[in-house]
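Heads up, the next two complexes both have chain A, just with different partners, chain B and then chain C.
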Partner chain A sequence: MLAVKDLEITFSEKNSIFKAVRKVSFSVQAGEILGIVGESGSGKSMTALALTGLLPPEAKVCGSMSFAGKTMHFEDNSQWQGLRGSKIGIVFQDPAACLNPLKTVGKQVAEPLILHKGLTPKEAEVETIRLFSALGIEPAVQRIHHYPHQLSGGQQQRVMLAAAIACKPMLLIADEPTTALDVTVQAQILRLLHEYVHNHSAALLLISHDLGVIAQLADEVLVMCGGTIVEKGSVYQIMQKPLHPYTKLLLASLPRLDAPLKLPLVANEGLTAEGGCVFAARCPHYRAICLEKEPPTKLLAEGRQTACHIL
Partner chain B sequence: MEAKNAGNTEFLIGISLIIILSALALLAPLLAAHDPYETDAQNWLQPPCKEHPFGTDRLGRDIFSRVLYGARVSLAVGTLSMLMSVAIGFLLGMAAGYFGGVLDGLIMRFTDIVLVFPSMLLVLTLVAIFEPALWLVIFVIGGTGWPGVARLVRGEVLQLRTKEFIQSARMLGANHFRIMLYHLLPNALGPVLVAATLSVPAAVMTEAGVSYFGLGIQPPIPTWGNMLRGAQLYLRHAWWYAFFPGLFIFLTVFAFHLTGEGLRKQLGLTRVRRRG
Partner chain C sequence: MAKLLKVKNVAYYYTAEGTRIRAVDGVSLSLPAGKALGLVGESGSGKSTLGKLIAGLLKPQRGCIYFAGERIEGKMLPSIQYVFQNSTAALNPRMRVKNLIEEGLIIQGKYRRQQRINRVLTALKAVGLPETLLYRFPHELSGGQKQRVAIARALIMDPRLLILDEPVSSLDVTAGARLLALLKSLRQEKHLAYILISHDLAVVRQVCDYVAVMYAGKIVERGKVEQIFSSPGHYYTKMLLSAHPSPDPKRRCLPKIIGEPVDPSHIPAGCRFHPRCPQATFACSHRPPAFFEITPGHLVACHRTQTQIF
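The block that comes next holds the complex of A and B.
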């Protein structure tokens, strides 16, 4: 349903060019949950923003994308206007910052319904109440008149989710949807996301640095590093048998109860050099070739793919 | 750290004064015992007495009545030109802050150009070129008073537009127009409200100044400014002639400043740049 090919996002300043995302290709089917994992600065969120046409104007976007059988042009903003909120919904990380502090939550959820479905404010309010009860924002009839600060973090994220799915989008993008929430609330939000995908056979792009979240929900996983996809496979393959050294180290970095804390993966600092493997500088197995040549993407059995010289 | 309801008293005193002054202006025909244009050659330069609480002027006109009718002019000029400069300032500041880039540069340089002229000089020049009339004074003061508002709104919008809720509003399908009007405007309103309140006394002062120079609203229509002009030859003999119009200018400016400062403190804002 969604296919992205050779997506590149470049930020250029007077004399420096920074590639936030390089040659990223992937696709998602209806009813599928695609997880994107990677550390900070790996290009996950930039990819998500590009898919909604919301990148800042100074970003240069190349590549092609087709959505629901239509070719989308990254330059043409008017094409996105009608899609956002109706066909594509997005949930961001920090619900407290994403809600307008001066509008009641009911009004904010009703907004896409009025804008896209042409409902009258009265009809939109009825629909909002229905959405609120479906997502467990109770008592819905009173809640719609509350302002964001009167709600807890979990409730705020439910409101954001309600606004995102109000028009029944075919594609839902969740950019770190649970990072700002504690674990119990996190599980509830994840269940709601899963239910939505299941009930409406929508596609979900789940972006997270939390491998636990990805493991619970995703079908397929993309591992991103330095703006490239270093590994792709089913959630089982990635979690149980990671191939790329980056994925291995990422999994090994998870704090464990039964082992002392270790930091096998150094945080990404500075920009990676052009021409070589994006992970070469931090890779424990790197060879000369890793610094000279970009590793080609190798297609493996069962739809797996990875980009590494030493494999 | 300011007290919790800091500014509350200031605001209440200010707003009460404004209400009283507005009521006096609106009810002028009921409250004034005399026709403000009626001359009385027998009773010129009468000191305040029962018949004429503020005395009479050099043509025997009742100063109390003229001050009340003058309040209509002053407050009309103050509020209408404030509305005009807020409207222009909002429009330009919003466009500059929201769209940025070349448009921002153009608008803000134009704002700077308007801002470098001392506003009194600009107003005097424009009023001197055209036929003096009430609407002209309003237009000219309103048309030169907006740069402060434009800068303020631009600053607010620059700060707000990167906020995530603006992005999420776009994500839900709101277009530029809707974002500006529905999401940005209410959030930028606080500081502008203060600036608007403080721009009223500035406009009142400018009008009084222009009329005092004889370039504003022309006699016999009473305004506080041209009453002062008429009074200046009689300062030694008839203190009341200049005192009462002056008192009302002072009260008006005082009231709006108190209200503005009170608002500022209540909204928890730091100092707001004023026009001119």
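The block that comes next holds the complex of A and C.
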């Protein structure tokens, strides 16, 4: 349903070029949840923003994506207008920053319905009330008249979700949708995301730095580091038999309820690997070649892929 | 065992826009020297307020706090240090690392310049930062490095109790894990007692000996780490544990969570958790439950647990 090819995002700095995302390709099927994990700065959000045509103006982007039978080039921003909000829904980390504080939450959900689906304001309000109760924003009939500050963080996030799914998009992109929330509220939101994908055969791109969240929801997982995909596989492959040293580090860093942390000691700090593997400076297994040459992406059995010299 | 810290029935109420917010409402706990207590609970349950009461940054409106046998309500002692939630944002951006770390000593005025520098170097080493960072400004440090500077600022005062408010929640996964490893080793070396405040049960599990679970200004369950994690007594603790996303895709479970977090200006009567509790009975909505010791050292404030035992 969605296939992204050779997505590259660069920023020009004073006298150098910074590659935030380097030649990333992936695809998602209908009804599938694709998880993207990686540390801060690995390029997860930039990837999501590119798919929705929302990159900052100073970003230079190339590559293409085919979505719902159409091929689009990232360079051409005009193609996204009709898609965002109708065929592609977006949920961001910080609902407070994305909701308009001066408009009732009901209006903010009803607007895309009027704009993209051509509903009358009355119809849109009825649909908004239905969405609010489906997402547990109760009492829905009163909640639609509230302003964002009158809702808790978890309720605001559900309003964002309601706005994102109002037009029944085929593709939903959720960038750290639960990072600012308590675990109980997080579980509610994850459940709602899962139900939406399941009931509408939609695709979901779930971005998180928390491998626990990814393990609970995703079917396929991309692991990003330094703007590249260093490993890709099914959620079982990634969580149970990680291959890439970076994936192993991420897994070892996750505090667990059932076992103490076992951190591998890494101290190659100070190494520079410009032009080499993005993880070489922190990799416990690096060799000379890792500092010089970018590891090529290797395709393995069962649709798995990694980019590492020693594998 | 002699307790280093004893908190007895403390309460603290904020007043905001005419409404009274019972942020901490009758909390008791104790901690032996050199041990670590994890304080968990959802956003707004009163964790930071309790931490600030113990650190003397706030003065309780009710109850007493004893430290090494002395009453300390509203007093700030050098031997109790508090590392703020978002401490990395609170570091003065115009001060260099060295000055940030020695600030407390200068205010105290007990040490000469050279002694202070030696102590700064020791603190820096304790938190695993290289000396090359001494003259940097906060904006030239990573999140993990800033958090270490904040901890070094506290350590330099030679505390016996260190209160860490959400030390890893603002850090990246890998930096957070490294900080947790550091906290573990520091505790062994310095025989420090910790109170670690976190909304993440897994973080507490990594570092602490004891856990206290807060809900709407009250502690609802406390005990040893193993007791709480292997046989949680309170339904809220069970809810927290079940909602924690396991990294094992074979153990998928998106539990149905009932209800919403408590609105602090409308705290329910009886057991504060009853509107969200799957097992609430008539008693739960009418009488606040008292603590009941289900196994030695494991206390639960829940009517149901109590009746099940008998």
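Keep this in mind: the second predicted complex is superposed on the first by the 291 of 311 C-alpha atoms of A that agree within 3 Å, B and C clash if a C-alpha of one lies under 4 Å from a C-alpha of the other, contacts with A are read in each partner's own complex, and residues count from 1 in each chain.
As a working rule, a contact is a pair of C-beta atoms (placed from the backbone, for glycine too) under 8 Å apart; a residue touches a chain by one contact, two chains touch by 3 or more.
Keep in mind that this is a model prediction, so the values were computed, not measured.
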item: Combined model on chain A where chain B meets chain C, clash or fit; value: fit
item: Partner chain(s) touched by A:Ala3 [first = chain B, second = chain C, both, neither]; value: neither
item: Which superposed partner A:Leu99 touches (first chain B, second chain C, both, neither); value: first
item: Which of chain B and chain C A:Leu54 touches, first, second, both or neither; value: first
item: Per-residue contact with chain A, leading partner among chain C and chain B; value: C
item: First (chain B), second (chain C), both or neither touched by A:Ala134; value: neither
item: First (chain B), second (chain C), both or neither touched by A:Pro112; value: first
item: Contacts of A:Ala30 with chain B and chain C, given as first, second, both or neither; value: neither
item: Contacts of A:Leu300 with chain B and chain C, given as first, second, both or neither; value: neither
item: Which of chain B and chain C A:Ala68 touches, first, second, both or neither; value: neither
item: Nearest-approach distance, in Å, of chain C Cα atoms to those of chain B in the combined model; value: 10
item: Touch list for chain C against partner chain A, complex; value: 42-43, 143, 172-174, 176-178, 180-181, 199-203, 205-206, 229, 239-250, 252-257, 260-261, 263
item: List of chain A residues in touch with chain B within their complex; value: 52, 54, 57, 81-82, 84-86, 89-90, 92, 94, 97-103, 108, 111-112, 115-116, 160, 163-164, 166
item: Complex interface listing, chain A residues touching chain C; value: 39-40, 152-155, 182-188, 190-191, 194, 209-213, 215-217, 235-236, 239-240, 249-257, 260-261, 263
item: Chain B residues touching chain A - in the complex, by the definition given at the top; value: 101, 163-165, 167-175, 178, 183, 186-187
